[in-house]
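Below are structures written as structure tokens.
Okay, so chain A shows up in both of these, paired with chain B first and chain C after.
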Partner chain A sequence: MEWFNHLSLDAQNDLWVIAVGAMTNTACALVGCYLVLRRMSLLGDAISHAVLPGLVVAFVFSGSLSVVPMFVGALLVGLLTAALTQTLHRQVGVPEDASMGVVFTSLFALGVILIKRYAHRVDLDPDCVLYGLLEFVGFNLIQIGPYEFPRAMLSVGLVLALNTAVIAIFWKELLISSFDPALATTMGFRAGLVHYVLMALVALTTVASFEQVGSILVIAMLIVPGAAAHLLTDRLSRMLGIATGIAIGAAVIGQAAAVWLNTNTAGTMAALAGIAYLAAALGSPRYGILAVLARNFASSIRVVREDLLAMLYRLEELNIERAMGWPEAARAVGGGLLPRLALFSLKRRGDIRRDGAVLRLTDSGRSQAKLLVRSHRLWEAYLVQRLGLPPDHVHEPATRMEHYIDRGFQEKLADAVAQSPLDPHGRDIPQSD
Partner chain B sequence: MPVPPVEIHDMTVAYHRKPVLWDVDIILPERKLIAVVGPNGAGKSTLIKAALGLVPLASGKVEIYGQPYARQRHLVGYVPQRESVDWDFPVTVFDVVLMGTYGRLGWIRRPGPRERQQAREALAQVALESLAERQIRQLSGGQQQRVFLARALVQDAQIYFMDEPFAGVDAATEQAIVALLKQLRERGKTVIVVHHDLQTVRQYFDYVVLLNMRLVDAGPTETTFTNENLQKTFGGRLTILEEAAEAVRLGKPS
Partner chain C sequence: MTYLTWIVAIGTSLLGCVAGVVGSYAVLRRRALAGDLLSHAALPGLCLAFLLLGGRHFLGMLGGAFVAGLAGVALVTFMCRWTRTKEDAALGIVLSTFFGAGIMLSSYIQNMPGGGAKAGLETYIYGQAAGMIREDIYLLAVVSVLVLVVLVLFHKEFKVFSFDPAFAQAQGWPTLTLDIAMMGSLTLVTVVGLPSVGVVLMAAMLIIPAAAARFWTDRLERMLVLSGVLGAVSGAIGSLISAGAVKGWLGFDPFGGDEGANLPTGPVIVLCSTTVFLVSVLLAPQRGLLARSWNYFRLRAKTADENLLRTLFECAEPRLPTLVTVPWDELLARRAWSRARLFWVVRRAGWRNLVRRAPGGVQLTQRGLEQARRLVRAHRLWEWFLIHGASIAPDHVDRDADSIEHLLGPDLIAELENRFIAQRDASNAAQVLPNSPHELNVP
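Coming up: the complex of A and B.
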């Protein structure tokens, strides 16, 4: 710790803010992953508001803002929130989201009334509840043994340890009751019990984080890192790891950015988590918007490429002497950018070549085109013979379908239609090589 | 007489006070493939869920080999409806199959090499070894159903309850499932299946339970799955029972 003491007070405070922020964010993100997977993200929001009256009552009874009574108060009200929500939903038949909304707004309002009535002299003030006092954690240090560290670390460290321990010990129980609660219950892992354990963790995490980081950051960290991580992986352990990474990253960059922009630290960290989510939504390899666009583009250009090949094949088949040039071919499949890109791509692959101003299939292009036309005509034959469609109705559907028929499926089709070498329009069905 | 695998005695089940199954009394035979058949809303899934303790009984009792369910969990395997879980959940095929061992392990203990071996064997039995490391969303409907069956095999139960295992599967999967059910029967298991395809009942099942808010009949398929009984099960709505249920829900005579 020698190096630490040589830092300026400001720098020391910055590091403490980052440490407390990272621990809080991680504690929230870990339980948050399970909330996201159980589609209960908003229950975290609900509990983080609803614990307010619990905090006030705990304060009034104990006369202090110390950790233990606050934890007890929050825990009880947190469980009460979960229980009331369940009861309204199950017994009274209120939809789940509405019952959650009713319970947490009512309890939060009750908390506000209690503060104004009984606790107005203490610094449980609503602003602080919203934004927290993360900027100042470095100025409220306590000494334990030779070490001095922020008081906030005590409670936050406790819940971080608790959350980590519960997830590590009850990994299998949390997994099965989140994935398949009915099976979990039949096996004797009561899904209801696991639900309340999780709610208890959410309540404790919320309270521990509250005073330091405020409810905005708590809510953000309960939902956003988990939701972003879910987009980026399909393994639970990696999801927890990525969520932790986002939580810590948001703390480090958030503090730096907040100092630079001279603004609220908790808000900046929450906003950064939001940006991380946005990046995940855009960039996720499987679900991301960019990946979807890229896949759609790849698929469109493949279809145009295949249309071009099939068109050139039909021209050859008809023995049309006046063969087609580049701009004409592009126009024939719709014109615009995509056909031109498709032509370049075909040429680069060596499927077509220019013969003066004329486009011709190469051998490799011709054998691909042959398969496409075979698919097209087999599908037409199938539609006419098996589904009884009139022959003048089958060209369009076959044009769409030909791009999705592989060799195996081709053979199934060939078996399903009468062994005629001709399609319904009397043209040759090309044989596969 | 040996103790029957499942005995349901005078069972009534209600949702929000409204009875959906009335006074069901059945004793199911051992080592049989048993179909639970009835129209939509007849209470087929409810019968299974009530037997497994997933929904509370308004009255009556269920015994598994002569004991309450809670004591006999280890003898029972369950295959829920495929739509009942979130297939986007970040788990692999292998993870899901391994869950079948959780009940035997009890709280906290983790699956070890032995459990992993069992999961691999079960996957091989449903011909999905090659997909073990896939995320479950990437499977077809039939493959997903086979994952559930593999998980049930790993449970190594005496009695299996399966909720619509044939729903939305391709013909090949259906044949694979039937073959698997027959294997289970040969190994002395009793399998109770909620089934909606009347055409295949005779072909697949030894025993039927005909249900429509109450037990219409139960017995060997040969003698029980008759036109007359089907008429009773599917024909016409049971206006008297529906009215009675409504009266109970409202809490006053209708």
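Coming up: the complex of A and C.
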């Protein structure tokens, strides 16, 4: 710790802020992953607002800022919120979102009133409830043994350890009951108990984080890292790891940015977590918006490419030598930007070539086109012979289906319509090479 | 009662009324937490407008909040459609990160050199109803009238869209525009209410009166009116309580505030509507807890009576028309009742002259016999129907009939009876009461 004491007071404080922030964020993010998976994110939101009256009552009764009564108060009110919400929903028939809204806003209102009412006894500022006093953790140090560290670290560290321990010990139970509650019940786990254990953890985490980072960062850290990690992986262990990474990253960069912009640290961390989510939502390789768009684009351009090849094959089949420019070819398969791109890509792959004014298939293009036309005509023949559709009704479905018939399927179709080498319109069904 | 108190009371009841009305649609469409989302998401809009306009320009800031709120709602819809994030997480993400950004901007503004602290943005978070002035009431009135006119003009469309969006779409109505119009009015009300009641409690003003009104009626029009009235009343009473008016009337302060401090207006209003909500939960005629417990209790009592009568009848059946006395122990063995419960059930049936105590046991009266015969007929007709109509094994039908016999209506019994008479076989030919399909173990 020698090096630490050589730092300036500001730098020391910055490091403490980052440390406490990272611990809080991690504690929240770990529980949050389960909330996101179990679609209970908003219960996290509700509990973090609703524990306020529990805190105040604990303060009033214990007359101090000590950790234990605070935790007990928050725990009771947190569980009360979860239970009331569920009772209103299940027994009284209020829709779930409305019952949550009624319960947490009412409790929050009660909390604000209690704060004002016992203002002289409660050292709790409504503003700090919302955005916390993370900036000042470094000024409130306590000494334990030879070490001196922020008082906040004590409660936050306790909760972080508790969350980690519960997740490690009840890994299997949490996993199964989160993904398949019915299976968990048949295996004899008490899914309801797991629910309330999680709610208890949320309440404890919330209250430990309250003073330091404020309720808004708690909500952000409960939900955002978990949701971002959920976009990036399908494994629970990795999801927890990624969420922790985001939580710590938000703490480090958040404090730096907040110092630079001279603004509130907790708010900056929340906003940064949002940016991390945005990045995951856009850039995730499997579930990201860009990846989805790219997959959609790849599949549409493949269809257009195949349509172009099939069209050229049919012209060839009819021996039509027709001067065709690119715009004309593009118009023939629907027009627009996509066919032009498809033509360009066919040219680059060497599937088509320009012979004077005529577009021609190359050998590789022809064999692909043959397969496609074969799929098309086999499907038409199948629809007519086996399903009894009239011949003038089968072209449209075949133009859609042809792109999704692979080799094996083709063989099966060929077997099913073996007796006839012609399609219902009297054209040859090309043989595969 | 000062002039200012009245201003605040009028303002909060206007706000409560219009919030209750637009909130009803949100609650009905399972979008109750949209209000929470809107009020949190509006904060960065307020701050950005302050930065861009270079000062506290009231309407400009409301505009900024409006835009940011709508952007938040749009973002949630977009996330649900395009990513695997579910709606609850999407709401939470937008709410918390927008609010975080808002906090960041607002403390940036406050730390700005040159009087940024005058922005007064912090009043938007907890609200300051006591700071209402005459102009605020004009604004609230204009917004309320605007929103109510829109809701009345498009009442039919909103109604259909709320209950059956697919049908609205099939009618060819512009559902997206309707959705935006609904969300827009919700946003407008939220934004206008923010300075008075603050971020969290604005959500309460939207949700609680509507949730309370839902208990009393199944008709949308009544619910809208009721919710508006409840909102207005809570607003008025809450602001009067917080201003100490109650102390003035009663001569003492029932809430005993510290150091003469007035209670904050927003939270008191919310607790008023929570009280109304709780009263509704308890007392509402059909959905209320008391009504439901009473119905449940009545059903249980009826079931117990009927079970007693049927058991007595089955024991007495072989020696009819003589009414035998069934010993207490026999009854206890046949029903899973404690001795106390059995005595209670017998006593209740005795009051209505259905059974009478005889030495060592219980006996049906003539009146009880009539009723028991009807019950047993319902039970056996249902058993007969299950065996012949639904092909269920005779040893599996007793329990099913047990649970449904109390609920069979006269029409259904008549129908079963017709079928039975039409199809009865030789062994039952002369009977209206079918034989039991299984052993009854009569003593």
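As a working rule, the second predicted complex is superposed on the first by the 417 of 433 C-alpha atoms of A that agree within 3 Å, B and C clash if a C-alpha of one lies under 4 Å from a C-alpha of the other, contacts with A are read in each partner's own complex, and residues count from 1 in each chain.
We take it that contacts are C-beta pairs under 8 Å (C-beta built on N, C-alpha and C of every residue); 3 or more make two chains touch, one makes a residue touch a chain.
Worth saying up front: this structure is predicted, and the values here are computed from it rather than measured.
Colleague: Clash or fit: chain B and chain C on chain A?
Modeller: Here chain B and chain C cannot both sit on chain A without a clash.
Colleague: First (chain B), second (chain C), both or neither: which does A:93 touch?
Modeller: A:93 contacts both chain B and chain C.
Colleague: Kindly classify A:36 by the partners it touches after superposition: chain B alone (first), chain C alone (second), both, or neither?
Modeller: In the superposition, A:36 contacts chain C only.
Colleague: Which holds for A:277: it touches chain B only (first), chain C only (second), both, or neither?
Modeller: Touch partner of A:277: chain C, not chain B.
Colleague: In the overlaid three-chain picture, which partner chain does A:188 touch, first (chain B) or second (chain C), both, or neither?
Modeller: In the superposed model, A:188 contacts chain B only, not chain C.
Colleague: Between chain B and chain C, whom does A:230 touch in the aligned arrangement: first, second, both, or neither?
Modeller: In the superposition, A:230 contacts both chain B and chain C.
Colleague: Between chain B (first) and chain C (second), which does A:101 come into contact with in this model arrangement: first, second, both, or neither?
Modeller: After superposing on A, A:101 lies in contact with chain C but is clear of chain B.
Colleague: Of the partners chain B and chain C, which touch A:176 in the superposed model: first, second, both, neither?
Modeller: So A:176 only meets chain B here.
Colleague: Hey, is it chain B or chain C that touches more of chain A?
Modeller: The partner that reaches more residues of chain A in the superposed model: C.
Colleague: In the superposed arrangement, does A:266 touch chain B (first), chain C (second), both or neither?
Modeller: So A:266 only meets chain C here.
Colleague: Give one of first, second, both or neither to describe whether A:410 is in contact with chain B, with chain C, with both, or with none.
Modeller: In the superposition, A:410 contacts neither chain B nor chain C.
Colleague: Based on the superposition described at the top, state which of 2-10, 398-406 or 416-424 belonging to chain C clashes with chain B.
Modeller: Only 398-406 shows clashing C-alpha atoms.
Colleague: Which parts of chain A are touched by chain B and by chain C alike?
Modeller: Residues 39, 93, 230 of chain A touch both chain B and chain C.
Colleague: What does chain B use to touch chain A in their complex?
Modeller: Per the stated touch rule, the residues are 16, 49, 52-54, 70, 73, 76, 78, 80, 84-86, 88-92, 95-96, 99, 102-103, 105-108, 110-111, 135, 137.
Colleague: What does chain C use to touch chain A in their complex?
Modeller: Contact set of chain C toward chain A: 27, 30-33, 35-36, 79, 82-86, 88-93, 95-108, 111, 122, 125-126, 200-201, 203-204, 207-208, 210-211, 214, 255, 257-259, 261, 263-264, 266-268, 270-271, 274, 277, 281, 287, 289.
Colleague: For chain A, which residues count as touching chain B in their complex?
Modeller: 37, 39, 93, 169-173, 175-176, 178-180, 182-189, 230, 233-236, 238-239
Colleague: Using the touch definition up top, name the residues of chain A that touch chain C in the complex.
Modeller: 36, 39-42, 44-45, 49, 88, 91-95, 97-102, 105-106, 108-110, 112-113, 116-120, 126-127, 130-131, 216-217, 219-220, 222-224, 226-227, 230-231, 258, 261-264, 266-271, 273-274, 277, 281, 287-289, 292
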